[in-house]
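Chains here go by letter, A, B, C and D, matching the order in which they are written, and residues are numbered from 1 within each.
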Amino acid sequence: MDRLTLVLWIFDSVTGLGLLLLAGWALASPQLFRGIILFVAFSLMMSIAWVRIDAPDVALAEIAIGAGLTGALLLAALSRLGDSEPTQESMNRPIERSYRARTFRSLTASLLAAVAVALVFLILALPGDSEGLGAEVAASLDASGVSSPVTAVLLNFRGYDTLLELLVLLLALLGVWSLGGLPAQPVSPAVLVLDTLARILIPVLLLSSAYLLWAGTHAPGGAFQAGAVLGAAGVLLSLAGWQVRQRYTGVTLRLLLIAGPSLFLAFALYTIVAGQSLLEYPPQRAGVMIVLLEVAATLSIGTTLAALFVAEGPRNKEGQ
Amino acid sequence: MILSDYVAAVLLLVGVFFFLAGTVGLVRFPDVYTRLHALTKSDNVGLGFVVMGLAVEAESWFVVGKLLLIWMLVLLAGASVAHLIARGATQRGVRMWTD
Amino acid sequence: MEALAATVSWDACLIVLPLLGAIACFAWPNAAKKLALGTALAVLVSIASLTIRVTAAGAFRHAVGAWGAPLGIELLVDGLSLVMLSATAIVGLAITIYSAGYFKADVSSRFWPLWLFLWASLNALFLSSDIFNLYVALELTGLAAVTLTALAGSADALTAAARYLLVSLLGSLTYLLGVALVYHGFGSVDMAVLAGRVESTPVFWAAFSLMFVGLALKTALFPFHFWLPPAHASAPAPVSAALSGLVIKASFYILMRLWFEIVPADYSTFTNFLGVLGAAAVVWGGLQALRAKRLKLLIAYSTIMQVGYLFLAFPLAVAAAWRGALYLILSHALAKSAMFLAAGNILYCAGHDRIESLDRIAQRLPMSLAAFAVAGVSIMGLPPSGGFIAKWLMVEAALKSGQWWWAVTLVLGSLFAAAYVFKVVGYAFTQAEAPHTSIDVPAAMEWAALALAVAAVLMGLIAPWILASMEIGRAFPGAAIP
Amino acid sequence: MSSVPLFALVGAGLFCIGLYALIVYAHLLRKILAINVMGSGVFLVLATLADRTVNAAPDPVPHAMIITGIVVAVATTAFALVLMLKVAEKTGRAELPDERTG
């Protein structure tokens, strides 16, 4: 084993161990706030792991969505939980301290430890040389319209999954709204530093979003990462106290939310009526169509994620 | 290894040292204000050294530009967030450490 | 026009049309009811056309994006998926008509897009032949089901929805871990490709166990049933009908598919274990249903019992038992939805569903009570209902394969069912001391419940046709019994 | 990547740690965190094994699947958090009551 391999191996081991420790620590932390912060640290470390296993696309998605947006969502929820919290004591410890509960916990722990050991042996028993579908993807990449393999899989080879996934996102927002949304956060007085930060960062975020979208056709990036960065811009604006005016939260907002899924579904409907396979791209125009779909999807993903963060529910006349 | 490699290694090591110092400060200092002080200052400098170290090894000026941009963004975000945390702590009445 | 009808892929319509409908309902909430009814009709046309095509030309696969497995996703239309889609369409139409009257205006605009999402995701799930795509469809189904459960808005419903959501997510993640191991063990996520590659190795069995546990959680197999009664009892009535009638069947359907398509050989220890769990579910569900004080809770426990029957098909392991199990899925989908819709009418009219206070319901809602009783005929398994055919097939399979104890379980289940159905009907005919205030129930709601109940009974009369349809493209595994 | 799929083993560990916390802790926010940790574990298993072949580009299909999974996870997390807040609003506790019947 040469020196670099050894160093990397140590690095990986430290990262792996760190992940396990951070996860355990985040979940067992006596204070929820600390738990969330540790979870965000866990997600950041996950993205290091993604880079180490040659998955830069996933690393980008993890940083933007896993660490960034999920962290923001968790913290916002915690701050809203506020006074309805039971005492610190009852909310933080496991369900009970009785003998029965302790036995239950140790039984669960031993059982899961056994499961973990079994999984470890199985993973080690997997064939070492499986290439999965790498070769198939490479062979069809030229016909897919893009040169980034992950984007080709997401938008073309398994575009149907992506369509359903966009709908999961929309459905989650519908679910939040159907719960009646949350009361608007009280508008805090403008903070100069936050305002300035937002003013500088928003253009940078928009630019990064556009770059990620464009890069996605040939390099790591794509609609989801771009959408997540766009969503982050929305979150920042909302934190800086921006309020979207009422006239834009009705139809305009709805149209933005459904742009991505609608364009995808319109394409699906076209292929059905034309008697083709569902979501079959014409080979010459695949590249252009994928870019169009990605632009619409990015807008919708960004808007949906920001709306999930704001979570106030529609403020138009039907929703009130 | 050529000269630039050594330069890069030294710069990276200095950067890591600052990170380490900041982290020690984060763990050891008594209250939120002093911790922020330790963390932001030394991390910004540490990152600066890391960026310089990587810039020495960079393949093109374009990459150097990107590295500098990263550093500036982290400076901006770090400084602003440190301010916001300190502001939040003051508003909630967290006292400063005096001893 | 006819040329168009011949080239259109009706299977894809079953997914795309309700999704478009859902988005349209979201974009134009004021027109949601009309849009939803229109979508339901369009789905009905699609399933009818698809049935005609499959009956004439046989099962087929549809390569999404024209890539084909293993690179792309494939849809599979055969008898098994066709009967599931048809049951979903029939129940779905009844629920749509029912809901048009059930929900008040403010809830209504929120209900329609969610309901169409649920319908679309069920269709997507029944059509998919790709185990990762099934994961996405499962998540879509689970999320839609939970949002619909929470629509009731009460503390009970919200708590039940939260529990349901956690169980649902746990189930899908466990399933996904199994999918990950399958993919890395055998290099594909397409069932047909996997069928040719899977060997009976420890890796496969571990992966299958994970997938099994995840799906059993979502199907509410005993002892994973704990989340079901509160969720199904506290959701709005049409939602309960969809949850009990269709949603839990979706995960069982995947289990059946996996079992038929890719599991290499039967292991009698494992299948007998499943049979024992099924029998426990029958007894436990029956006892709890008898003890239940509220009508919807009783119906929910009855569902746990029916899920138990389904798992008896694993140890029976002959084709007739699988036919019986599938028949049970179909007849239960109709009968149980009818029961929940009838219970919803009672709740709507009387303002409560306490069984002991159901007096005079027979006078005020004769049609709904009739719907409950007629659906009960199928749940009990009395001739000529669909439930009877199902149980008859399974009992016969048990006796002919020399496993009489499963037949005893089935008969015991019928006795339980008879007891709790009569308990409800008995209270409903009791004379009340004082008259109650009541709200009139829209006629469409009563008709929807009754129509489903009658359909569940009539299913027994068209058994030969259904039995022939369900095996188009794939004969069920296991020996034919002489 | 070394021949030992180290991160896949970590993924298996994360799955079990998350599952333990999901079962044992009562607070809904903690349960939601636990689900997210479990998800990360599954994704690690899925991706690490895609990178087993030395000197070959990793298989992009699992990467695409994970991106799908991450988006699904954030969507469900967002909904779960609001549901939690609604439960807390109605019952005063962000916990599920213990099972009474079965």
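Descriptive notes on the structure:
In this section, contacts are C-beta pairs under 8 Å (C-beta built on N, C-alpha and C of every residue); 3 or more make two chains touch, one makes a residue touch a chain.
Remember, predicted model here, so these are calculated numbers, not experimental data.
The fewest steps needed to get from subunit B to subunit C, moving only between touching chains, is 2. Here A-B and A-D were compared by C-beta pairs in contact; the pair with more is A-D. Rounded to a whole number, the gap between the C-alpha centres of subunit C and subunit D is 27 angstrom. With centres taken as mean Cα positions, subunit D sits 12 Å from subunit A. Mean C-alpha positions place subunit B and subunit D at a centre distance of 31 Å. In subunit A, the residues that touch at least two other chains are 119, 123, 126, 130-133, 137, 157-158, 161, 165, 168, 171-172, 175, 179-180. Subunit C has residues 132, 136, 139, 143, 146-147, 150, 181, 183-184 in contact with two or more other chains.
Remark: subunit D residues 1-10, 12-21, 23-27, 29-30, 32-34, 36-37, 40, 43-45, 47-53, 56-68, 70-79, 81-86, 88-89, 92-95, 98 touch subunit A in the complex. Listed in rising order, the residues of subunit A touching subunit C in the complex are 118-119, 122-123, 125-127, 130-133, 136-137, 140, 156-161, 164-165, 167-168, 170-172, 174-175, 177-180, 251, 254-255, 257-258, 261-262, 265, 268-269, 271-273, 275-281, 318-319.
Residues of subunit C touching subunit A in their complex: 4, 7-9, 12-13, 15-16, 19-20, 23, 26-27, 29-30, 62-67, 70-73, 75, 109-111, 113-114, 117, 120-121, 124, 132-133, 136-137, 139-140, 143-144, 146-147, 150-151, 153, 181, 183-185, 187-188, 202-203, 206. For subunit B in complex with subunit A, the touching residues are 73, 76-77, 80, 83-84, 87. Considering their complex, residues 191, 193-194, 196-197, 200-201, 204 of subunit A touch subunit B.
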